[in-house]
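One structure is given here, and the rest of the page talks about it.
Every chain is named by a letter (A, B, C and D) in the order it is written, and numbering of its residues begins at 1.
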Amino acid sequence: MIIAVAQDAPASTSAAILQAAMAHGLTARCLTGDHGGDVIGIGGSLPAEDLALPGVLDVKPAHKSYMLASLECRSASTVMVGDVQIGNGAPVVIAGPCSVESREAQIEAAVAVQRAGATILRGGAFKPRTSPYSFQGLGEAGLEALAAARDVTGMPFVTEVMEPEMVDLVADYADMLQIGSRNMANFPLLKRVGKAGKPVMLKRGFSATIEEFLMSAEYIMAHGNSQVVLCERGIRTFDTTFRFNLDLNAVPGIKELSHLPIVVDPSHGTGRRSLVKRMSMAGIAAGADGLFLEAHPDPDKALSDGYQTITPAELRQIVQATAALSETLFGIDDDAAIEDIALETAALVAVSA
Amino acid sequence: MIIAVAQDAPASTSAAILQAAMAHGLTARCLTGDHGGDVIGIGGSLPAEDLALPGVLDVKPAHKSYMLASLECRSASTVMVGDVQIGNGAPVVIAGPCSVESREAQIEAAVAVQRAGATILRGGAFKPRTSPYSFQGLGEAGLEALAAARDVTGMPFVTEVMEPEMVDLVADYADMLQIGSRNMANFPLLKRVGKAGKPVMLKRGFSATIEEFLMSAEYIMAHGNSQVVLCERGIRTFDTTFRFNLDLNAVPGIKELSHLPIVVDPSHGTGRRSLVKRMSMAGIAAGADGLFLEAHPDPDKALSDGYQTITPAELRQIVQATAALSETLFGIDDDAAIEDIALETAALVAVSA
Amino acid sequence: MIIAVAQDAPASTSAAILQAAMAHGLTARCLTGDHGGDVIGIGGSLPAEDLALPGVLDVKPAHKSYMLASLECRSASTVMVGDVQIGNGAPVVIAGPCSVESREAQIEAAVAVQRAGATILRGGAFKPRTSPYSFQGLGEAGLEALAAARDVTGMPFVTEVMEPEMVDLVADYADMLQIGSRNMANFPLLKRVGKAGKPVMLKRGFSATIEEFLMSAEYIMAHGNSQVVLCERGIRTFDTTFRFNLDLNAVPGIKELSHLPIVVDPSHGTGRRSLVKRMSMAGIAAGADGLFLEAHPDPDKALSDGYQTITPAELRQIVQATAALSETLFGIDDDAAIEDIALETAALVAVSA
Amino acid sequence: MIIAVAQDAPASTSAAILQAAMAHGLTARCLTGDHGGDVIGIGGSLPAEDLALPGVLDVKPAHKSYMLASLECRSASTVMVGDVQIGNGAPVVIAGPCSVESREAQIEAAVAVQRAGATILRGGAFKPRTSPYSFQGLGEAGLEALAAARDVTGMPFVTEVMEPEMVDLVADYADMLQIGSRNMANFPLLKRVGKAGKPVMLKRGFSATIEEFLMSAEYIMAHGNSQVVLCERGIRTFDTTFRFNLDLNAVPGIKELSHLPIVVDPSHGTGRRSLVKRMSMAGIAAGADGLFLEAHPDPDKALSDGYQTITPAELRQIVQATAALSETLFGIDDDAAIEDIALETAALVAVSA
């Protein structure tokens, strides 16, 4: 059940609804709606008498199992990471090395990607690696390096957290918490980041359906955190020519289902440096709200993922092309324009017949 | 083995090589190379003495199993359909209804898509249908309707051929022969279109790897026809949210392997009308040489595939956006630009360190 | 619509129904039902007055799109290949080399697989090969070799036909026509074998859903041939450890949907000789009506697929284990047995509570 | 590097090798080898002088990235769960409800599955659910219910642990820790169960390759726990006819790579109650060391997964058929038998030629 409350309703209205839900043993979460007032999602139904309150604008059943994440709840939302807005505007470029390698290296990388035009920094301090014998990341020292790079550049940063126990530690340092592809369905972790009070970058599981992806966002939102950005990062298919297949259908497809911003990761989505630029452009053209890129001052010397990591110069090219492309595409979904053309075309066809 | 022959070599040189190959029981095919002279691909190796001929520029082993289709053979090639060039220039828009429905309907559709900006017409006269009880196409009457629409509009058309016996009939009418996704590995059919003397639109099998796709192009080329355009039309994955998943990685990925032009089909690649525009843009941004679209004056009344078919008005929007996008992206792969920026960035990072 | 006609009905009843269907422009096909009388499937609905005929036992709507192949039409059917019955009894072993290599080699192989216990011979005269430069089979000479091997051993043989034009030629020689995996959705070919009057071995497309597989059987049946045996031969998945993944779920899964016999092909389904025996056993245990195996007197010298081809000695082991397994499993699906045990178990649980 | 130490070597030998590894900063783990002595796996190479110790039998490079799990390390191993042995003998049947529902219900279920012939009990106290609004399990009360059921029946039990922080709690109650499919690549969790001192049932990720599956086992082993049982439970493919596709190729395939026991889960692997019996048989015939089944006294009333849960009566049928099948198949992989037959067959073929 989704309940819209007027912006000028007394605070007691939302509070009473949340309390009524609790009394019935139902989950209830509050978001800000398009109209500026509260939108309350309830994991079940409240009787009408509990909703006879001043300022209740609208009560509707939720049809999607991902109630809070769905467009039934509100239209396109935005997420602030530091002072950078993701969603509903110019695409954002998030870039940095796969792994934090050292304090100095991370600062150098941060300066380089910032000069190239990125506005959010990335870097892994805790690394999920297929082999127990591979480098597993610098841990807390990596978080310190990221914070130092933020001090130097002023850029907020996003970094991965892999287990519930580490959420508080990572949230102490980071501006945004990343949930990796392998952890998209790690429900205890999703619950914990739901309570961490920091924006979340949720990467799609490489074999997750779109509905499962949105259900994972719902986990985070149902536990109290509506600052979720989705990230399409490639799916696993029968064709192993590429490491993964960037699933760009998911970008406009998800925008028909959910209000959450979505970015694309062409680094993992292709697994090949030479394809990153083209697939970045494709992602922006598909309607993505940003790019999530592995970039390194010297990719061939990167501690991990070098084969899919671009240089700062390539990053700059991408940033510039992204801006140009975004401007060219502005208004492409304008339906009014379509109507006019439709009438005109009908006329032309009539003449030719 | 790939042999380049100078443009001003005597005609006897290429002839002698082809004859030597035949004498050794080897397949041999001749293409026009980048340099204007012949490039001869041989399915095996000739002894050096057979190649001691005037005008032989270069002899190299072929490393790809799709020798003739590969970049080892030549750089980006183009295919002419009527007077429309596909490849190496502005993207081409091919559009029309899924099925030819009648002479009048096909003419109306052709006029509509031409007014919207398409330059090649499509339409199915022979339809592969999953059920034996579904409409199987108009057959030869459909070919006549397509020819009539060409007469009215001047636009060349492409249409599917499904079996070897019908290749000559379809080639009598059509400007370009289409091999459907289900027939990508129908080798007898590929051999026959290899001899038909008409350009071929080869659609990727929805579960074919990129190597298998290029091997099917090779079949056509090895039987004498180098006028092949590839078409990425969506692959089958675990996620059935969409009918298929348009695999845009394949576009820049194939351009690193093959000289053949490649277009994308966002109609089948998404299976959903509302996604076609965005995924058309994504396809162009990924580097496609054109779009292959299902368009119909009244999609809801189309005899097949209406749910993924766009209107002429939407098509016009796509044509206009394609042109704008293509111009914006021009030069994105210019490596000289990258080098300069790389030096500059290095300097900036040095200063900031 | 499915109409059952009594065994002792006048012949005019079925004839009248077929004629009525034709008059209404509907497809209609006649099979033998479980009760010994005709079962007529009609691709649409006839008015009640057309069915007021002596001996009409039952008229029901068809709910499956593969009406003739479905269990709605009749219970488990059998197919005779020469004098060998497939379905409804002991599992059948079909074996032989991937490609026919010569008359002598095929005779030697036939003798060897017969001694090992196989009762139907296989061998490819026309070979679908990914590369145009690979060996494409002996063609008609291969058919002659197969016929010679039949003369020597008395075993009927199955061999692949790849194009509609060749169906009559292949049917002149073969006891059973094989449709390969790549041709499962080659509809013109299915139509033609539907008219060829020979039993058909239909291999599942390696990316075909079960519904698509049964629709392809329906094509053959709707064109007049109900002698169809299905063959599960492995599907393409994300995991390329094996050439294909034998999908044994499909065996009991299809038996819940269709009356057609089904065999499994662990040679292609694993792509690895060392796994064939175990996966043959697994296929029989899953309920398959037979095995379709690549066997060769000297697999390492086979012209194709040697890496997945077993020796006659391994084949004999499989034949013996198949017989033992089949006997052990007899009656496993006996529901009466379940009921008794259920009552007894309930009693035991009651006592222990 | 893998080092075998003699059974009668002084204890100081293994200790010295482990110490040398530590001194070089290398991971080192000790297993019991086939010969009764230690086998030490080292994540790198030690200099020869460190290995000049009494009782060092053999030193070889490890070629598999999953060194400890591989057959390079030792031949088929066994795992004890309570007093039940998994591996190298008669197949084991593990059964119980998907979720623990109450103390009474779990006891009733345990009695029922034991009477049916199961020897290890299963049941979920912590449940990974796609929706945050679904029942998430009873938590510790569920563990207590499982322990109570063990007290009544004497059967050891396996139950899932979903997050590192809960490992100690679950290990306090359970005889075996289950890692669910979604957590197969939850590396922090794998590390923690590696230290928990209890046997582990590791379920394959539904989109994990076989190599990734074995790497996850390696994580557990590299952190100190070699008591790992693998569980094939179905993979996700393009075909959604079934919930998952039980990948039986993986059973004999893994036995060629790893010494760890492997069981199959036809409940999740089919997602359909009516297929469980047949696919259990197929799993045993493929060579599995046991079955992992969802069974419930009244499946239609189960709190979760009822559609794929069998009754105790069906379970008894499976237990009986498993025993019969296992006996029939005994010796199927006996190569000596093959050799004899090969000679004989060669003779027969010679005679017939």
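Just so we're on the same page, a contact is a pair of C-beta atoms (placed from the backbone, for glycine too) under 8 Å apart; a residue touches a chain by one contact, two chains touch by 3 or more.
Values in this document were obtained by computation on a predicted structure and should not be read as measured data.
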| item | value |
| --- | --- |
| Chains touching both chain A and chain B | C, D |
| Contact-richer chain pair (by C-beta pairs counted) among A-D and B-D | A-D |
| Averaged-CA centre spacing for the pair chain D and chain A, given as whole angstrom | 37 |
| Intercentroid distance (Cα basis), chain D paired with chain B, Å | 49 |
| Residues of chain D touching at least two other chains | 207, 236-238, 240 |
| Residues of chain D touching chain B in the complex | 207, 236-238, 240 |
| Chain A residues within the chain B interface of the complex | 107-108, 111-112, 115-116, 152, 207, 209-211, 235-242, 245-253, 256, 269-270, 272, 274-275, 277-279, 281-287, 297, 311-314, 316-317, 321, 324-325, 328-329, 332-333, 337-339, 341-342, 345, 348-349, 352-353 |
| Chain D-touching residues of chain A, taken from the complex the two chains share | 27, 43, 65, 128-133, 136, 162-165, 182-183, 185-189, 191, 206-207, 212, 215, 218-219, 222-223, 236, 238 |
